[in-house]
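One structure, as structure tokens, below. Some questions next.
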């Protein structure tokens, strides 16, 4: 197949925010690579574009990376058996900027004078380009366009003595959101940024230790959940056991609240909370804040809207129904839509359950509106199926600001909530009514307290525009445009 | 990847009955191949192993077939544009017997003296082997092990004059279940077997006519539903319009009742009934027949158990909760489970939503039990998650007999309900209680009447062992073992 | 790579006649498939487009076919070990008419009522289309556009009792040139057409018997040459030994004389003659018939012109020099020549050895001129390298007629020797002189006798236009245009 | 195909020394990438494992590299059109040490603070490992195991101001043999090491300039030969024209004499000499030094032995005959030889021309004996074909020492001429007589003077053990074992 011929069909998920990555680490298990593959499979929702595993046995490192899903990448016995050792580091990657080259796939690896070093990163560095320029001037040669490579070069260039000191030296220079899993010298290291923006948990499987972005990756292998890595914590796991350091200062945690709304898997726990339960509570709160009189049905936008819709239905007493059916067999690409075909209004991924919708007043529950293209289509689909009224309820506040901490958001100018107030959005998407949950309502549903305006309990920059970490590489207005003078030079295509 | 190295991971779906095929036909649309690809995509649940489209323009036929899903097979512009013409026939195939060779992928095509002939088939012929032996003796050369090729050779050998007469001549000789879509001489032909066991509907898109296994394939392209093809009907669609014949006798319809229970997509209509609504009614009936006192939650086995679980929850007043989360990113193969890994009880596809299950009395709703391996695991998963009680409710009667009409069932000896009574099954899967819906309950939920024992309204052979059509090729005990003396000779592998 | 994007670069070999096929058979060797792969490799010069092997063990047949060369097709241990049995049939194919589909790759296989039947064919049937029409009318379904499939259907339809009788019945109906190797019922069968136009030899390796197009395929496996299969002979090899029949009449042999000139490998023996030695004799004869006074060098057009050039040099006393160097690393396709690049006169495959050519009078020796495009370029290349005079000598008579017996020739209208006399050809290619060997000279070099005009000792239709076998499917003028009404209907593309 | 399953069949070429690389550069031609692809095709004999092209347009660089031959790598229009710009650098690579990873394929590219930098290298650095250790200690991260990457890091780390000064700074630190073609800042740079061990020529095509390993790469695109780059010369080609510098001292040239014997293409010129002519002169000299009384035939070991054999035949008056036929259709891999097959003595690549050999006294001419395995087999093949006597003549002196300057040689212990004197070698290979050309004879044939023992005119270390450049990385005994402590750590496999 000529790849350039296949065109991505626009579908509902294209109008979502996307988590950029999942990380996983194993120390002390005989088939570490197999565990890592299973863990990455459980974290597949955090990144579907590419994945990789690096293992370590003594002084030797083994790596396999590929574009594609975890199950196809690691289905070959040959591949998995080549990945020897009791240590493994894994990574899932979501495509952010049209650079799906293999060299950007993590974990990254480098030969250093102390031996091999490998690292996987969930998050985004906000001063990566600035640091990169300095490093290149000093003679570092970058092989990828990945921000994570900056960390690798900082470690290589560090004048500290031990691997751990060099890694601390490197991490002190970076800014942004980062949950890192690294390995060097027969140990694995987990690091969470000073605000703990992205998640990272510690688990145990017999004598082995596991690091993972979410607890669902512990469940798949039957590992026990131990605790979360804390904001600003560096954890070292080796044959002597687990050691914890806090070399990056002492900040109050600002965990990403959107993990609760959409990113995390519903069966994960975060900060001791069930994600599914939290989403249901958000739905219940939403039912209180924004009830719909005389509605006949609560219909989730599948699949992410389901828990909030169940919560909304239970709180309101309006029946929950699967009014929209989703086709799960859709891959990344499909036939190019010609004008004729486009005109048909093809619904590749969703279909209204007509008989239930016809003549009814419907409460649609979704988790967010980004550009609004999807919401508009789905309201139209409900109307085409004969809905009398369509009321849209959103289980997050309006998304009016870009994220620079590892979430793929469009630039601010494309965000519907940045461009117009809620009433206009309602008109734009042609719903009979539209309501978002309030900031305080969301906080209350998540942590049983209102938002602390002085020291917010979470990072909610995408709703409020209050960025906990400085965005060094970005324009002062934080409109989401990267400063990319260095980048443009390198248009190397590899095959 | 070395295919032979990758091993299918056992997962819940492996213990389901599987629809073997979906068919689709277009007459009179400029981009017929694109419509067919979309239609096949909507029918993907009826067969995921392989797919194909044959189009016709004047006297020329164009074909593209491939192992794999519809979206990847037809994503290339090159491929789709080569499929010229206003006529298209499409087919999805489910692997039945370990013969996933390309030559078995439909639609089949043959050059005859009147020109090209192509046919796609959903169902199974019960006298195919017997006819094949006769045809081979007469000099026919078979290229596939597909039953459908028998039809092609019968048409080629027929001494009738017109294509239609030759096709009628051929179909009169075959027995079994068959919904056929064929094309020859600038027309498409739809045929449903005398009992109408497998589905086939007629739709309209502007001036074009569509034939499809299910109405959801009309929805995806915005086509209008016209009617079902009747049992024993042959329908001819050409430039003169639509013509209907009944050359195969006059039987009362015996549509497959399991299409309602599991095979069809919930957003399809069958015989005027919404599949989703019917499944909910089955769930409600099940709640009446087999209530669970003091239960805390109704939990569906995702995804197929969801509508019946909603029905059960609504009828019983017990809250509906997503107690099991499904990972949709699982493909056909994954890493081979070593003993160590197998020992971990890896849950590749499902995970219990622990917080909801712990300490609760759970009503699990699923659609069927085949070998019982899945049910046993899922009950265990509930217990591991802390369920106080687990009550399993099944939205179909016990599956105690093999199907010979186009459904992939294990041989009778492997069917749990053939081997033991319900109480023993309950013990075997370690549930606190187990109940299946009754035959009459199922009939009532579907057609608002009890089962007519003399002339049953549906084919329910898998529950009752009453086979409406003679199983010529099979052992007299109908235990599901094919008579395959001819077959074994041909072990040709092509690449 | 998008195949349709790559374009065949015109090179010298494109202006050659091409042998269409090589065949190979083994009976009674434990690793028959390995022998067949080696044999086909030795016969690679007879067909480079595709290859295949079918083996037989008891009642089971195993097949592997692929587009591409023998060494890449059979390099995988998996592939070769799947081909079980002590019987193997192999085939190399040269692309003749732009139908490089896998279904045309031989050996062909069919299930018949007596069991499996497989056949490989070197040659061309001159009444295949006529027979095909009759067979289709009787209900035969063709899967390929290969002439060979006619034989398979004739066997399937035959009313004779034994396999051998059915094969004889079939072969009696076909006309043309055919060296066949077939297998059915634990035996292999070799057949050579009544005129013995294409070659077929019998060899022995221990207790095993070998059939092959050329003796070089015996050498590669260390087998002993036994004898040639005779014109009109059918040979049966099974556990009882070798049995010979002559069921197709009794003709004087008319072996293709061009096998000596160009097709066969120089290290093969044909009819007891060394091909290399025969080519040298042709060169010597040419030196006698067409000497060049004052020439400095004899330069072969590599590689096929080398033996005749050595002969010419030895007979004339003029030094033999490699004045043209050939690059052997050229595959089937290369970069598309843009106008700019074309303008450079790129020499992908050959380069003049400038220092030797400059200022010299050169005798160029080649084996034939087909369209003349090559000869013109090579003369120009000599002049560019500074040759004072260029005299072209051709080791065959003028090729003025198409071949219908298994050689890929352009239609008569494209043959330079059909369009103009020798003097005009000399002008056209801009040589200082041009001479072809005479018919009698060629015969004398090959068989030490002049051409017997009444009963020629060889088939030389391409020189003389005297066709020993009727060309039923072709226009009366034998201009090389096939009658293809049936064909055009079937434009099925498979992938 | 499962690559690891296919096994390289031992063949004659495996017992040759192998040139490791070819380089090519273009400045100032609109379709520079196309020229580079053609040039690399002409240089394919210098490296068949992998190839790559990097082009430059303004500040942007474009790259395509692949394992495999030039023609298949660059046959796609898509690929070649992506390589924009009027500057191109190309490289062919021969596999040296079982590390055929894509990341080792050249040209290498790096982003530096002044912009992009790319380089391709023919030769071998003798202090690469030593330099690499220092660089890694300073924080450089290596991505390949290629020696050439040392040069890239040295340029990146240089404190000089201009690209040229940084490159000079870098090259002054390296030792060994190197013909480099690099590009940065809209210019291409050619460098030849102080002894000019590997070749590099300058050509012109209209206004464009070309750098290439051999003149045959100029011929293929119709470019004019200008001159050789001199030993120790650095040449800069940009819009201002061609500038020559000699920053690396002033040594007498020591060009590799084995380029004349075997590596270079016979149609190339080197130091003003025709390679073909020189080889013929070596053959003539050999005939004088080592005549064979009463010999009937001179037979070359194809293809490399042909020119020397023609020279030998012309000088001795013994007829030249193609007594061994070579099969050119052999790729890199073929079926694994089982014991049975191995026992057959399969001749995949060569076959004796039996009729010519039988009863004759044969002079076999080859260019070298490395391990002797081939020579032994080929003598045996002659005997099997009935040769009365076999006299082997070698057109180079005994190869008794490893090469560290870019030629793939086995370690000294495996070299037959290191292990035993000529008489023993003759016994070992079972020839009737064996003679090598003398050192002085070779020098005389090449440069018309005896070897100047004090300042030899060529590098002949493989014959004499006199290494002109220090082998820093190697054991003091120069036995060919690399010091690889650093290497062993990095066993990363990428796919």
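As written, the chain order gives the labels A, B, C and D, with residue 1 at the start of each chain.
Rule of thumb we're sticking to: a residue touches a chain if its C-beta (ideal position, glycine included) is under 8 Å from a C-beta of that chain, and two chains touch if they have at least 3 such contacts.
As the structure is a prediction and not an experimental result, all values here were calculated from the model.
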(message) Going by average Cα coordinates, which chain is farthest removed from subunit C?
(response) A
(request) Could you report, rounded to a multiple of 5°, the rotation needed to superpose subunit A's C-alpha atoms on subunit B? (result) 180
(message) Could you work out how far the Cα centre of subunit C sits from that of subunit D, in whole Å?
(response) 36
(request) Could you put a whole-Å number on the gap between the CA centroids of subunit B and subunit C? (result) 51
(request) Pull out every residue in subunit A that's touching 2 or more other chains. (result) 2, 78-79
(request) Sort out for me which residues of subunit D touch subunit C in the complex. (result) 1-2, 5-7, 30-31, 34-35, 37-38, 41-42, 44-45, 48, 69-72, 74-80, 205, 216, 219-222, 265-267, 269, 274, 276-277, 303, 306-307, 310, 314, 319-322, 325, 327-331, 333-336, 338, 340-341, 344-348, 351-356
(message) Which residues of subunit B touch subunit C once you look at their complex with the stated criterion?
(response) 2, 4, 54, 59-66, 78-79, 82, 102, 109-113, 115-116, 133, 136-143, 152-153, 156-158, 486, 488-495
